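Look for subunit A in each of the two complexes below; its partner is subunit B in the first and subunit C in the second.
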Partner chain A sequence: MELNRRETLALGLGAAAIVALPVRFAAAATGDEMIAAFTGGAAVAEGGVTITAPEIAENGNTVPVAVASENAVSIMVLAMGNPTPGVATFNFGEGAGAHSASTRMRLAGTQDVVAIAKMADGSFARAAATVKVTIGGCGG
Partner chain B sequence: MISRRDFLQVAMATSALYGASGFGNWSRLAAQQALTQDELLQFDDFGNVTLIHMTDIHAQMTPVYFREPEVNIGVGDNKGFVPHITGADYRKMYGIADGSPTAYALTYDDFAALGKTYGRIGGMDRAATVINSIRAARPDALLLDGGDTWHGSYSCYHTAGQDVVNIMAALKPDAMTFHWEFTLGQDRVRELVAASPFAMLGQNIFNNEWNEPAEEFKAYEMFERGGVKIAVIGQAFPYMPIANPGWMFPDFSFGIRDERMQEVVDEVRAAGAQLVVCLSHNGFDVDKKMASRVKGIDVILTGHTHDALPEPFLVGETILIASGSHGKFVSRVDLDVRDGRMMGFRHKLIPLFADVIAPDPAVAAVIEAERAPFKSQMEEVIGRTAADTTLFRRGNFNGSWDDLICDALMSEREADIAMSPGVRWGASILPDSDITREDMWTTTSMTYGKCYRTEMTGEFIHTILEDVADNLFNPDPYYQQGGDMVRIGGMGYGIDIGQPMGSRITDMVLLKTGEKIDPAKTYVVAGWASVNEGTEGPQIWDVVESHIKKLGTVSVKPNSNVKVTGV
Partner chain C sequence: MADGVKPRVKAPAKAAAGEAVVLKTLISHVMESGQRKNKDGSLIPRSIINRFTCEFNGTMVVDVEMHPAISTNPYFEFEAVIPATGELKFTWYDDDGSVYNDAKMVTVG
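Then we have the complex of A and B:
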């Protein structure tokens, strides 16, 4: 049997139950799997949600990201290249004024950051931004 | 009826540098007769608004030699466009005669011979003469400084920028934006900004803790000149904490932030601005992209990449002005603003030939006073250039100054390999000339100049080269972080510009043995300008001075250790 990374992590989780490692290890699905779980496999349209992140991170350990979508009830943010891609899922209640949110995330390296918005009508929208994490230096 | 677009084109055709001196005009006397101050200043006033732009002066208060780049490779959509056109192609594009003063000011070929003919360029006392002349015709002209002003000389370093601040104050600018200024440290920047009599701008300077616009800097300043409401929006260098040591200014965050730029443009338009000017330190290609994404900017005064262009570059209906570096040029931009919009322009890039333009006595006196405490230190001769050697830096890859610095690092620090930052600043020195301490400091002065000596694996050296190469050759300018390619001594390599990150750098060879660099093996690397806090070692200028003094006369052979493909 050939173990893929996910199965290896799942096996690790089984062990974790015994040694009581943090439960968040359970979230170590791939980004695509998390999107599939979030959307239930429904089609996802490009646009309709905005994601704002720096083109090049000033500090990969704390990268600001903001998402907005007027009609969203929920926006999931994923750092697709992180070992654990989940960053945050923002839920907007009926009384929410602005359907926007911002936070900071840690990025393991240059990668796409993806926002998936679930709209009030049950449809889904997607936006992505590439954030470069560089070792820096040499500024002309 | 003439459309706005046609009007721009007509106006553009009238803009030209003086460039009619004949080829082979080699004697200084002939050059001076061919070129007069009146000709350099000649300008038929146009429209109702005048902008004066200088940028990237790098503390060069007195005239310098500065060789423009030979290698300046454009990638992606910018391939084949200015400023990525150099030498003969550049002269052909703008109709500049070989060997003319204009060719000398704007292109690299025959630099040593032309430099001996036409002399030094720049100096803030010459700039003052030009600015005063423009103000005599247009008292309402705005003088805008694009930043990289308080950095780059012996006296600037020793006064933490105060000498430059005092001299620039004598020119009476109206606004300024920033880059290397922040390497003075955030406390000093705050102090100088708070004391400034003119506007200190940066719409993209944010408070790092709250990710909100920093209260120390205004996004824009509104001026009313010639009956026109003009908004000048500042755009500081976007990648300061990455390209320079972020620990020196931890409270601040930058970035391009073109969404906010659009908001600010909309805000100033709503507030009645008839002309929107962006005073930018983005770099030319980033400004081109920003001009295509942000609507409503009439003029972008570009900076950072040190490009000098004799004509504006148009992106849609935005004109981009590139005014060079090291105090070599002053740009004058006259605009016709009517009915709330820019209808046309006339432009001239004015080279400050030091032997042609008379220094302004008042500013010359200020410069002399600021130099006085350091004069003997600065003017001390530490070596000479050989007859075969022009020292210069600017270009995508190693210049002769960089090779000399890398040699100094390897020799003085007993290292296999040397790394020197790909900064664009540093004046040139002609063959058969004295090298003064001041000259050498134009290429080494910085607030984080300590030389590290460390061990790196071949794999890590490769990673560094790939990382820096992507910061220069990523096809999207928004992902280009700043400088030219890191300069390497003691090692050769091949670079395929067109490859993606991770695949550009090949054939790394240790020059002293001719062996291939082994990814697993460890090499002793000496370098300077680390962005990491707590770097220890001697200052780079002490290392280089010691090396030059040992050599006496400096001869640097042309560097063929970097093989560039995929251009």
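Then we have the complex of A and C:
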């Protein structure tokens, strides 16, 4: 079978699309991308923010999580292993007491939960906690 | 408006001036993540509360952006500084455009 130029090009494009698609799908909603969007690509230091989550969660549907950071203006919480990693972003206003908050989240499975804090001086800090989940909480 | 949405807030009735008080909020809501499937295999569309704010006399205390990984009946615990007698206003914003409110008076003295 002889391929002319047009067919060859079409084949090549198709193959490229097939290769590129899964990558793009994965990248569209990854936690790393959300971190990049939050920090604007700035360097993120370890420490300066604390994240408290249980080591083992029996039920992934309600996993308590607490974040705290003295100088933070906002703290983003991400469940890196969830189909949609975003959990919540806490923006602290002038009326906030200690810059800490706690909530409950869903975890699809055993994974790292990451907190990224944006400090008042514009720097960023990061902390992570690994949570073992016995029963996942995302249905499906 | 989603069914059975009921905000609940636990706040102290009294505080010392400038004291940081702990506030606990809970709102009953299904928080459908958009990941679950019906019996017939079709996806149940996402329906969550996407934002929660707390203000004291018009000063922002906390503004939370919520994503599908927040549990059913979203619960929040945080601190607010109470400089003087005033009202705490709590607002939840639903995906469907509904807004749920609650308010608590805090007296200083």
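As a working rule, the second predicted complex is superposed on the first by the 106 of 140 C-alpha atoms of A that agree within 3 Å, B and C clash if a C-alpha of one lies under 4 Å from a C-alpha of the other, contacts with A are read in each partner's own complex, and residues count from 1 in each chain.
We adopt the following convention: a residue touches a chain if its C-beta (ideal position, glycine included) is under 8 Å from a C-beta of that chain, and two chains touch if they have at least 3 such contacts.
Source: prediction; values computed, not measured.
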item: Partner chain in contact with A:81 - subunit B first, subunit C second, else both or neither; value: neither
item: Contacts of A:52 with subunit B and subunit C, given as first, second, both or neither; value: first
item: Contacts of A:134 with subunit B and subunit C, given as first, second, both or neither; value: first
item: Partner touching more residues of subunit A, whether subunit B or subunit C; value: C
item: A:102 touches, of subunit B and subunit C: first, second, both or neither?; value: both
item: Common interface positions of subunit A, toward subunit B and toward subunit C; value: 102, 137-140
item: Complex contact set, residues of subunit A against subunit B; value: 52, 54-59, 64, 102, 110, 130, 132, 134-140
item: Residues of subunit B defined as touching subunit A within the complex; value: 179, 211, 237, 239-244, 246, 253-256, 259, 283, 304-306, 421-425, 463-464, 467-468, 470-471, 474, 476, 478-479, 481-484, 486, 501, 529-531
item: Subunit C to subunit A touching residues, read off their complex; value: 20-22, 33-37, 55-56, 59-72, 74-81
item: Parts of subunit A lying in touch with subunit C, wherever the complex brings them together; value: 61-63, 66, 79, 82-98, 100-107, 137-140
